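Next come two complexes built around chain A: one with chain B, the other with chain C.
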Partner chain A sequence: MGGPGGGTEDLPTPRPRPAQDTHDSHDAAPGCASCALSSGGARLARLGLAPGRHDHVVALAGNPNTGKSTVFNALTGLRQHVGNWSGKTVARAEGGFTYGGARYRIVDLPGTYSLLSTSADEDVARDALLFGRPDVVVVVVDATRLERNLPLVLQIRQITGRVVVALNLVDEARRHGLTVDARHLTRELGVPVVPMAARRNEGIPELLAAIAQVAGTRDAPAPLRLVHKDPALEEAVADLAGRVAGQFPGVPNARWVALRLLEGDPGIEAAVRDGTLGELATPAAPVERAG
Partner chain B sequence: MTLDEMPRDRRGVVTALDTRGAERRRLMDLGLLPGVSISAELRSPLGDPTAYEVRGTLVVLRGHQARTVHVELEDR
Partner chain C sequence: MSSDLLDEAARLRRALPDDVGDRVVESLYTDAARLASTSVDRDDARARLTLDRALDRILTHRVWGFVAMGVLFFGVFWFTIAGAAVPSDLLYVLLVENGHAWLRDVFVAAGAPAFVTGLLVDGVYLATAWVVAVMLPPMAIFFPLFTLLEDFGYLPRVAFNLDRLFARSGAHGKQALTMMMGYGCNAAGVTATRIIDSRRERLIAIITNNFSICNGRWPTLILMGTIFVGAVVPPGLAGLVAAGSVVAVVILGIGVTLAVSWTLSRTVLRGESSVYSLELPPYRPPQLWRTLWTSIVDRTLKVLKRALMMAAPAGAVIWLIGNVHLGDASLAAHLVNALEPLGWVLGLNGVILLAYLVAVPANEIIIPTIIMLTLTLGANTVGAAPGVMLELGDDAAVGSVLVTTGGWTLLTAVNLMLFTLLHNPCSTTVLTIWKETRSARWTAVATLLPIALGFIVCASVAGVVRAFG
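Right, the complex of A and B next:
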């Protein structure tokens, strides 16, 4: 399965172009200098459907109905269908933007409560996060139902530290008399938490700054390591994680893989059997650099 | 008591899930973890399925699933 980080230029269906268009047509769409978002000097240019070459891959994950597609549209200028029904984002939508001189490809994943269950949507999301090895994972969470959204954040933190939490729908939370202490949450999760109301474009500049910071850092936090209270389980995880690391040196989240194997997770079992898991250890396929 | 036996006007706390594998995983992913507060909100005419309120959202369970969720009634 090819992750979104593949280096090939697998451009989605190109938009209809004006006849005199040149080869540079993948550059930023004209008119973005007047985008409302570029006013703060943050220089967001939305690249729509045709991101072309990119420096960083951003994956957009989150529970269903948290506003992932709204965030996606705000960043790319696309009008990916926003609606409330199951499986709306069937596979994954891709788009692009430039910010601070770097080009980003952004992948909108299907909404999922978990990376551990087995449904087609959740498999797409998990495989993209695990095997696509995005430079940044933006987890969109619903501020009005934070408790329900945090398990997914925790699961993603166990896979990677390159995470930004987009605390969306703070406007709705405010209407319900809820305020979330984003700074406290940032400290507890060890990754940036950005309060926002994506449908009003509130918090988008802050989200972009956080994405750029995580994309550019060399020392992102390590994947979260949960130690299990049950000594028998802890021993089994440690033993199996050691063997996973032996078989696939450099796999960054061997403990997580070991836990999935103990659970009998068919997707992970297959990845171990056919060696796909080893791809996690090798550097991501060389990404074409812009300029 | 199990979740299917819980009276509608009461809240309970989940104490254990008596199921394994994918089914257990799914219930946990939907927020049914030990210690969480839950109430029966909407019952279909025959009581199966029933919608439960947990962590601010409704989760609909079939009778055989609800029977695997052990709860302790909260004080009124």
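Right, the complex of A and C next:
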């Protein structure tokens, strides 16, 4: 963020966008006119998650001001200015890095507290995670505010199992007298949790290793199955999830889709209507490419 | 078939209680809370937390918060003004005095035609040399200082302090954040208004963003404050008074932002204020060297580069209009004479207005443009404004040019400071506003409203000063 607060570096392409637009908040990925993904290709490009010439696509999610930009810089070696406030990153950043011989494209999603689609940012992040199907979602979490950060992690886990949790700011937590049990979190969430202090480059090698492990695996954990205490709701979810799975065989997160439909989420309803939901059923391409 | 699925969903939804969405969210947060409480161990070493709290108690206090804000900003400007003086003089001697003469000799010795030497050396080179001498030192000090404040976590506290005022003026509290971004660059600030979801409040934030002094305008303010306002008090106090005058313009800008927001939200953009939660990040010790590095590379050099790219063609334009003659006088003299009456009414002069026309692409080059126009035209073409002439030391090269050759007074300088705050956004910002709003009407409002305000304020100040002076 720039000068007294703003920044020319966020500026390069102030993207044309009508003020009330809520979708499509991102530019198409550069160079993707050439990438040979058929129907889904355009959509991926629009979401900014097309792999292009890379082997794996990594999406970076997290609450605002958890150090997402710092992690992004640490991974890509870029020196985007990092601010200490929420909502600093308006223009989306993307970059790439190479690790263990594979090329990764990394896309910074808007910082959000949830995926309940109450704002344009949440829609963008939700669509990117659901329809973009990145090979790895790195969720950056503020170790000093775990309780406020976990709802987003849980929601992302309900969508996909290809998750790495970057437990950032552990140095700050330590200063505040907080110790976070990363192994316990790993067990509970079923995905790697990497403690780190991105500002000091601590934990970056471990994060890279975890990303590579998730990107390379063929059997990522299944999406988290949130059990609802309410029997009537549980029954309705189970019923509808069966129908979703019947109509779109292979959709990995049918229960999540069912729940969203029950809540009347317009984005998901549209995806059902135009059939884009079916794209979720095709196996994730990168696994095959990477070998 | 797909509609069957949706019908089924609708049927099932009707059978469920209305608050099913709330319950799902609730169970999500319950889960998160359980997971957090089983994963986090707390011990009693809470010293840092109390330090954070103590700081917040002062910095976000209803009264002391504003005092601290004033003191911090004042300190930043004072440091900038005090620190920039010596390197500025050095660069002036090096680049403008000696560098220009040397380059001129080289061109003459090489037998270059007179108009080539004029256009390249007296136009392009001189304009860029002035930009470096005038702008580089204050920027190289100011930007790192401000970035340190930002990294420390202070800016959200400012937003927190101002939030109440914004809400009361019918705007979105997040406008305080976009305003902060505007202090760097208005185009970035306008883009940042995307964080505001309501169109009404977003438009207010876009229109008022220009009242945040941007990178390109800080040097003008700092320079005017230093060589004119600071010069009317004893040298010992000069730095303090100069910094105070810059802070005064910043505060005036916040006042105008609130007043315009209030007026818009009660007239053309009527509506309720949205509620939002502002998260105050923890204070973090800034990483001194990295901050210095990134703010020099990303900010100072970027702004300087943009200024140089704009200054080079502007220098050529200035030389051309100063040397192409129509009848008995140069084109520049004709233009300045035509603008002089309006300039007089505004307490400025024709040269300043012409400079604003030449420098529409970038505010950064206003001062260099004014200096070059003043030098090109010489004393005889510019009507000396009546008023107290200022006595300046020999070292204040810029000031002595403006006072002795341009006939500037304290009124000219103060009104230029006001006009710096209140005039149309630069062309990049105007373009960004159009891209963000997609509305010619709102773009026009955002462009013309500030300049209309500037005319009213400057003319009023000039009228009052002349009536009593």
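Following the convention adopted for this analysis, the second predicted complex is superposed on the first by the 222 of 291 C-alpha atoms of A that agree within 3 Å, B and C clash if a C-alpha of one lies under 4 Å from a C-alpha of the other, contacts with A are read in each partner's own complex, and residues count from 1 in each chain.
Please note the rule applied: a residue touches a chain if its C-beta (ideal position, glycine included) is under 8 Å from a C-beta of that chain, and two chains touch if they have at least 3 such contacts.
Remember, predicted model here, so these are calculated numbers, not experimental data.
Colleague: Answer with first, second, both or neither: which of chain B and chain C does A:L116 touch in the superposed model?
Modeller: After superposition on chain A, A:L116 lies in contact with both partners, chain B and chain C.
Colleague: Determine, under the contact definition given at the top, whether A:T179 touches first (chain B), second (chain C), both, or neither.
Modeller: Second partner only, chain C.
Colleague: Quick one: is A:T217 in contact with chain B, with chain C, with both, or with neither? Answer first, second, both or neither.
Modeller: neither
Colleague: Who wins on chain A residues touched, chain B or chain C?
Modeller: C
Colleague: For A:A232, using the defined touch cut-off, is the partner it touches chain B, chain C, both, or neither? Pick first, second, both or neither.
Modeller: second
Colleague: Would you mind listing the overlap between the chain B footprint and the chain C footprint on chain A?
Modeller: 114, 116, 144, 147, 151, 263-264
Colleague: Quick check on the complex: what are the chain B residues that touch chain A?
Modeller: Per the stated touch rule, the residues are 21-22, 25-26, 28-31, 55-57.
Colleague: In their shared complex, at which residues does chain A touch chain C?
Modeller: So the residues of chain A in touch with chain C come to 1-11, 14-20, 25, 64-65, 79, 81-87, 90-91, 114, 116, 119-121, 144, 146-147, 150-151, 153-155, 172, 175-181, 184-185, 188-189, 199, 226, 228-230, 232-233, 236, 239-240, 243-244, 247, 258-259, 261-264, 269, 272-273, 275.
Colleague: Taking the complex as given, what residues does chain C use to touch chain A?
Modeller: 1-3, 5-6, 8-10, 12-13, 15-17, 20-21, 23-25, 27-29, 31-33, 35-46, 48-49, 143, 146-147, 150-153, 155-156, 159, 174, 177, 180-192, 194-195, 197, 199, 202-203, 212-215, 218, 278-279, 281-282, 284, 287, 294-295, 297-299, 302-303, 306, 431-432, 435-439
Colleague: Chain B touches which residues of chain A in the complex?
Modeller: 113-114, 116-118, 144-145, 147-148, 151, 263-264
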